[in-house]
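Here subunit A shows up in two complexes: once beside subunit B, once beside subunit C.
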Partner chain A sequence: MADIVPTRSALIDTKRKIKLSQTGHKLLKMKRDGLMYELFELLPKVKDIRKNLVTHYNSAQGKMAVAQAIEGRINIKSIAHTQQLVPTVKVGEKNIMGVVVPSVTGEAVRKTLTERGYGIIGTSPQIDDVVDSFEMLVEEIIKAAELETTLKRLLEEIDKTKRRVNALEFKVIPDLEAARDYILLRLEEMERESIFGLKKIKEKARRRAKEEAAARAAALPEAEAAVPAR
Partner chain B sequence: MGLRLFRKTTTGTSNYAYATARVRAKKAKLLPRETYLKMLKISLAEVTQVIRDTDYQEQVDALSSKFEGIDLIEGALNVNEEQTYSQVRGFVEGEAKELVGAFLDRHDFQDIKVVLRGKHYGASQEEIMKELLIEDREEFDFLRRLLADDVKGVDGVIEMLGEMGGKARVYHSALKRAEERRAEATLSDYEDELDRTYYQNLLEVVRADTGAKKPFRRFIEKEIDIVDLLAVLRYRRAQLPWDEVEPVLVRGGRDLDIGDLRRIYEAPSLDDVATELHATSIGDDLDAALATGSLSRVDIAARTHLMDSASGFSHMNPLSVLPIIDYLLRKRTEVRNLRAIARGKQAGLDEETIQDMLII
Partner chain C sequence: MQEIAVIGSPEFVLGFRLVGVRATREATEPRQLAEAATAMLGRSDIGILVMDQEDYGRLPEDLRTQLRGSIRPTLVAIGLTEDSALREQIKQAVGVDLWKDN
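Right, the complex of A and B next:
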């Protein structure tokens, strides 16, 4: 409180700050609630995608095991060399309540039978099965990457917003209110002091006037006695 | 090995009696169905020991410095298979040699495909070498030239094949044909053209519709039917237009002409495919597999059918090339089954899944 100047302008400034903080607090609370809503919307999707990811991974590994058993690891490795279009990932941005989250899209992930590069006559359907399942797995990984990063960013933002809400609610606004109260108190004190001072001066002036009047009244009979009668 | 391709028609006398007696003896050494069923019930270490205790010990020892674990077993199985082919090539003579050689050329075509894949990917010479099944010195020298570091990409391989001349030109002209079919040929175009060339060459060799070649031709035509059928089913599943399917097919099969294949392609369901196939000799054997809806099952059923056909043909033609072909197929199947059991056990697949993968 030592650095607070108890002036009217400081009071006005503090009151303005309190109002701003309260508005900010309200908005941040709304943002937090909105983010929480988004989070709860996203959570089941993330859970599903994680579950799908595990299912697809196990399925792909199982099919790879079957393909390696039937075709041999050497042949599978050789067929893997035929890849012509390498899958790529494009990362964009989108905005959820002011939070910038990634928008991940895969390119050349799913390919047609002819785009895969290996010949059809000399290979077996097990190869198609294993390529299919790994393509699906990559698709799921891309989806999971987008959703899980979004979830992470949302959680970070919710945490940040919560800290800001708490700081405003429990620190900034109470401090400003205390400052306002202090200024008000000081201003009232100063006003009282000023009134008391004025009263004192007024009393003093009144007393002086009274004395002067008494003095004048005392001086009047003497003057009358000095004047001879006609 | 390209150098064996387009061999001149052999004029010497065939030693069918001797050769078939040799393969009969070799066939007796192949693992029976019961052994596979027993192997399904034992641990991976025991499976490995069974493989070592059979015909494969020598190859396991030879490769033990280069590979380990299941890779060692797979390598040993592959080398043993190649050596078996070499042995068979060694004891057949005359027309039998020509036919067996033409049949086994599929492995040489496969090696060219492996080289193309490796070069396309930019794999090192050593890496590609590990993926090849090199049968002898002659083949090693042939492939080494293609794998040289200054041979870059698929175009480099095609150019080198052209420069090598001689019989390597068979591959060269097949690859050039792929480029004629499609200006910007893809690796799958090259691979399919090589496979088509193999079957067309094989049909060319067995064209004479008489004597010992006749049953062999029938068998090859059956194999082409199966190859085309599986390709059509895969394209059908991928929902690609017929225009893309037709040029890929080998054609020249016995039971399925292009009209049949198109009908199969256009069949609304696998049940309708089964109905279409009932009119052919393949149909009944594929019914159960088609009913599952799994093309992998259909593939295994088709391979089993082909092996049974080879067996049937060999019984009907005991003094022909068919018993030899039957043995070669059985040997390939044994290697495939042992690999499936070992790899399946290693991957932790259950007994039923592994059994479904076996051709027994």
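Right, the complex of A and C next:
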């Protein structure tokens, strides 16, 4: 409170800040609720994708182990070099209540046997199984890239907004209200002091006038006596 | 159009190479992983960066923060078990464990 100047302009300024903070608080609360709604919409999808991702990854790793045991690591590496069609993605951006999140679409992920590049005759069905599993895994990764990142971004924003709402509700607005009350109190006190001072001056002036009138009244008979009668 | 990039051990990377992913970096040591991730972060032709959860956990904190915030590339960390970090993040942000099965 030491740095608060108790003036009318400071009071107006503080009242304006309180109003602004209250509006901001209300808007941020609305934003937080909106983000929560988005989160509740997204969460079941992300949970499913996460489960699928783990399942597909486990399955792909298992199939890779079998294929390596049958074909040998060197052979699988050489098959990997024959792949010509590179899976691509298109990563764009979209905005959810001011939060920039990715929007991902994939291309050339699932391929037919002929598109895969390696010869069907020279390889075992285990290789096809591994490629199938990893293609499915990549598909899930593309879905996860969009949804999981969106969820993480939403969570970060919810956390940030929650902190701001709490800071406004429990720190900024109460502090500003305390400052406003302090200024009001000091202004009332100063007003009382000034009224009291004015009253004292008025009293002093009245007393002085009375004294002067009394002095004048006392001086009048003496003057009359000093003037000789004709 | 952007590519998918994969960073990790030779075993981790091999499966992705089989489906045609070309932007792969084999790395096992934390320093190599950090170098590879930093290099991928600077590439505009990479749309998704795939890493193993354990490898991602071994990256320096500032790099992880950078990767978390990046859209191009968007990071996807995968593992044999479900990542508990997301669950913790939900608990911290919402105050309730929404991840648990009802």
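What to note about this one:
Going forward, the second predicted complex is superposed on the first by the 166 of 230 C-alpha atoms of A that agree within 3 Å, B and C clash if a C-alpha of one lies under 4 Å from a C-alpha of the other, contacts with A are read in each partner's own complex, and residues count from 1 in each chain.
Everything that follows uses one rule, which is that a contact is a pair of C-beta atoms (placed from the backbone, for glycine too) under 8 Å apart; a residue touches a chain by one contact, two chains touch by 3 or more.
Keep in mind the model is a prediction, meaning the values are calculated, not measured.
Of the two partner chains placed around the shared chain by superposition, subunit C is the only one that A:Val131 touches, whereas subunit B remains out of contact.
Considering which of subunit B and subunit C touches more of subunit A, the answer is C. Once the two complexes are overlaid on the shared chain, A:Gln83 sits against subunit B and subunit C alike.
When the two structures are aligned on the shared chain, A:Leu147 is found in touch with neither subunit B nor subunit C.
By the touch criterion stated above, A:Tyr57 is placed in contact with subunit C alone, subunit B being left untouched. In the superposition on chain A, A:Leu11 makes contact with neither subunit B nor subunit C.
Looking at the shared chain after the overlay, A:Ile74 reaches subunit B, while subunit C stays out of its contact range.
In the superposition on chain A, A:Ile158 makes contact with subunit C only, while subunit B stays out of contact range.
Touching of subunit A by both subunit B and subunit C, each in its own complex, is seen for residues 61, 73, 77, 79, 81, 83-84, 117. Interface residues of subunit A facing subunit C in the complex, by the touch rule stated above, are 36, 39-40, 43, 46-47, 50-51, 53-54, 57-58, 60-61, 64, 73, 76-77, 79-81, 83-91, 93, 100-102, 104, 107-109, 111, 117, 127, 130-131, 133-135, 137-138, 141-142, 144-146, 148-149, 151-152, 155-156, 158-159, 162. Within the complex formed with subunit A, the subunit C residues making contact are 1-4, 11, 14-22, 47-48, 50, 68, 71-76, 78-83, 86, 89-90, 92-94, 98-99. Residue ranges on subunit A touching subunit B, taken from their complex, read 61-62, 65-66, 68-70, 72-75, 77-79, 81-84, 112-122, 124-126, 128-129.
Those residues of subunit B that touch subunit A in the complex are listed here as 70-71, 74-75, 78, 109-110, 113-114, 117-118, 120-121, 123, 130-131, 186-188, 190-192, 194-196, 227, 230-231, 233-235, 237-238, 240, 244, 248, 250, 295-296, 298-300, 336, 339-344, 347-349, 353-354, 357.
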